[in-house]
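Multiple structures are listed underneath, in structure tokens.
In what comes next, chain A is part of two complexes: it sits with chain B in the first one and with chain C in the second one.
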Partner chain A sequence: MTEELKVAVERKPHGAVLYTKGYINNVGGEEIANRAYELMDDGVRTLLLNLRETKIVNSIGISILIEIIEKMMDQGGKIAFCCLTPVIHKTFQIMGLANYASIFDSEEAAAKELGL
Partner chain B sequence: MSPIVRRFAEFLHDLQQLDRTAARGDAILACFTRHTPFASGAVYLRERDASLRLAAKTQQFIAPEILDREPPSELIAGTDRVLVPLRSGREHLGVLALTGGEYSEEDLEVLRAGAAFVAIVIANQRLSQEAREGDFQLKYRLWELESLYDIGLSIAGTLNIDELADEVLFRMISLINARRAALFLRDGDGFKPYRAFGDVPIGVSDLQQLLETGKAISLEAGTVVAVPVNGNNQIIGVLVAADRETREGIGAFEPNELRLLSLFANQVGIALENARLHREALQKQAMEHEFELAATIQRDILPKSIPHIEKVQIAALSRPAKQVGGDYHAFFERENGVAMLVADVSGKSMPAALLVSALHAAVQLLVREGRELGEVATELNRHIHRWSAENKFITFIIASIDREAETLEFVNAGHNPGYVLCDGRLDTLKSHGLPIGMLAQSKYMTQTRPFPNGSTVILYSDGITEAENEAEQEFGNDRLEDLLRTSCTASELRDRIAAAVDAFVGSAPQHDDQTLVIARSL
Partner chain C sequence: MTTTAERQMELTLPMVPDIEIAAARAVGNLAREMGMSTERVDEMMHAVIEACINAREHSGCADNRIYLRFLGTSQGDGSRVDIWVTDHGRGFDPEEARSRRQTPGTPHKRGRGLQLIELHMDEVDISTTKNGGTTVHMVKYEKKS
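Right after this comes the complex of A and B.
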């Protein structure tokens, strides 16, 4: 296991998907934020974060994710998450992320709902 | 609308935009330099620690000394600059320094009004930010509690130790915002690393200190903490966390996080104990299953009845120990009498049962081919030596009564001496060779001795003579020999020996198989 987070981006016709692999902490969170802000600057307003290969997230990572959500909402866009582990799903619910971002079981379901 | 009112209305409109976005220093300054006669200036904002920070300034503005002063309570209008306090009620939020223009009293009034408005915006945004942070902290505490509860449920339900270790690491890292972590498990007098997430800087001596004191330790200025995991009245592991994360980077763990980690370690201790007990239960179950199979194999190959041989009384006793051993006995009808053997295979359980099975197959074949006993033992030795494990061997005694010749042939390969009772005299059939399977080249010669009708031969396994009572004393050969000298039938003798052994042993458990074979030529 490694503490380093890897992010991959896949542009879609109507948005983008960010794939994360590893620990969403302060370093990992910033990496996601950088990629997300680049996409926002590029006009992306619908962003899906696929956390299939992420098993750990800490409170710093969560606060950064909240900032990304807020920034996207300020710009009139939306962010969603998919493929969360049960632990991360529950964490997002308790920390309030689920109030501002949709959570989907699969990427297919998310893509369909978001119109990616 | 008068020009001053229009100017103020436009100024107010711009200031209102600050409320929709974050009231950043550069945005505030831009509003004031755009709508007042001042071309340059700076904005200083108070931080949470009450210090004043330069938030923004125009390129030309140089006034570092303002940072060293207490912000003014009222607007100060100098010849070259104007200082405008940013105050909301009693709260000093910062100061605006403006320069580079001629101004009137009206301009100063506009400045005062604008500054009051900006101060309210900043105060509101700070309140809102604090409320959000408070809300986040509240949710975070709730999440901590939920996590501890969940961890208890989750890891207590995880009985596979590898899965458990992963779960423990992930939960612990999240719980205390650690960047790296490791789980060490007890290994003899020390610990061995079992799972790690990143490199954890902890040495053997640190772990040894924790083992000796039983208390949590803090290293590297608090950036590394280790807590003991207790279970089964001892330290069974150590949780180590390194580098507490903050938004700015990494730092030392705080006392409440160390307490949280200790609480977590308690849950982990219970879970690890559960996993250990579960693993032991599974092993026990597997062993019991193995014993059952071994017992079945042995039951199936031992004689189910005593052969009826004319003018020969035969009696046998076979009492397997709870933990299956490797005693074996058999009878073979021969032309002028009967042959019988008792063997004891080294080891216990399934390996012993399999060797007994191999012995049974080989000996049945060799004896029924009519080979003489020495040849049977020699062939058997070669066969067992080739096919069994290096440390497996069989003590073996076989004796054959020839009623017509009134002789007893026998081979004793490392087994307890058998007995012959003849005219009130007790002789022994001593071992004259190595146990079967020990040495490939072993050869065994048939021994022959007189066996007048009326004589009795007794073969037994060491489970009889080495049966222990609660004082760990052995039944011994002397007690056996005393019983053998009594006059009775083969069956009566068997029953007397069995009863004497039982009486001697009392409630002590039976550790080894007990086998006894008696044949009396009438």
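Right after this comes the complex of A and C.
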């Protein structure tokens, strides 16, 4: 049984948005990381992850998201999240991810605040 | 108070990648049939996922199986779902695992599964013995509004 995560990228004038669809586990987390690192290598320093179509994450997937945040912070950039379910939002807070990445209710609010 | 068993399910699942999703979907369906709210169902599903991952990643069991039992009951003032996740592995020391835990809200890359289970569920009880396996018993309540 596999649950493949789909990731779509939309470049913005001042950054990019990653749209995830499906389960963020170890494999899904690595897929997000690969896309995020490609964008960082391409000079992107503001990244928004829209999790509107992700309903389940696990602790291993979140650990990979934390690694992405750390790498972006090392490069002087920032990562934010939007459109989280209440339980994913709570899980991010428990895991400490919310201390290093802003969380927004909507993509519009995030884009405005981040200047995308 | 009258308590009525309304839904019961038992599953034996192989320890293969992503099998935790099958377990989570099963308990999610049962909880929805019990009339639980979406948020509480989601919390339960996330807890079951972490319990199954812990069994798969850490139990070291020879039979490569996870044994699950779900029991939904209606009470006068609401409902509850009991979940048992069992493996026949090496067991572990819950207090030692908790002692490695960081404060909630501090970033930590691994070892948060048990903490997530305890924060997502209303009650958690762990029975474990050295080389005698582990059972995580979790309970979620929903009061009638």
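Just so it is clear, the second predicted complex is superposed on the first by the 114 of 116 C-alpha atoms of A that agree within 3 Å, B and C clash if a C-alpha of one lies under 4 Å from a C-alpha of the other, contacts with A are read in each partner's own complex, and residues count from 1 in each chain.
Keep this in mind: contacts are C-beta pairs under 8 Å (C-beta built on N, C-alpha and C of every residue); 3 or more make two chains touch, one makes a residue touch a chain.
Just so it is clear, the structure is predicted and the values come from calculations on it, not from any experiment.
Upon superposition of the two complexes on chain A, a steric clash is found between chain B and chain C. A count of residues in chain A touched by chain B and by chain C gives the higher number to C. In the superposition on chain A, A:Y23 makes contact with both chain B and chain C.
In the superposed model, A:E67 lies in contact with chain C only, and not with chain B. Once the two complexes are overlaid on the shared chain, A:I56 sits against chain B and chain C alike.
Of the two partner chains placed by the overlay, neither chain B nor chain C lies in contact with A:S102.
In the superposition on chain A, contact of A:V87 is made with both chain B and chain C. Steric collision with chain C, judged by C-alpha atoms after aligning on chain A, is confined to one stretch of chain B among 171-179, 207-215, 279-287 or 351-359, namely 171-179.
The residues of chain A shared by its contacts with chain B and with chain C are 1-3, 23, 25, 55-60, 63, 66, 87, 90-91, 94-96. On the chain C side of its complex with chain A, the touching residues are 16-22, 24, 39, 42-43, 45-46, 49-50, 53, 102, 104-110, 112-113, 115-116, 119-120. Taken in their complex, chain A has these residues touching chain B: 1-3, 23, 25-26, 55-60, 63, 66, 74, 87, 90-91, 94-96. Remark: chain A residues 1-3, 23, 25, 27, 55-60, 62-63, 66-67, 85-87, 90-91, 93-100 touch chain C in the complex. Note for the complex: chain B touches chain A at residues 21, 135-136, 139-140, 142-143, 146-147, 150, 154, 169-171, 173-174, 177-180, 195-198, 245-247, 249.
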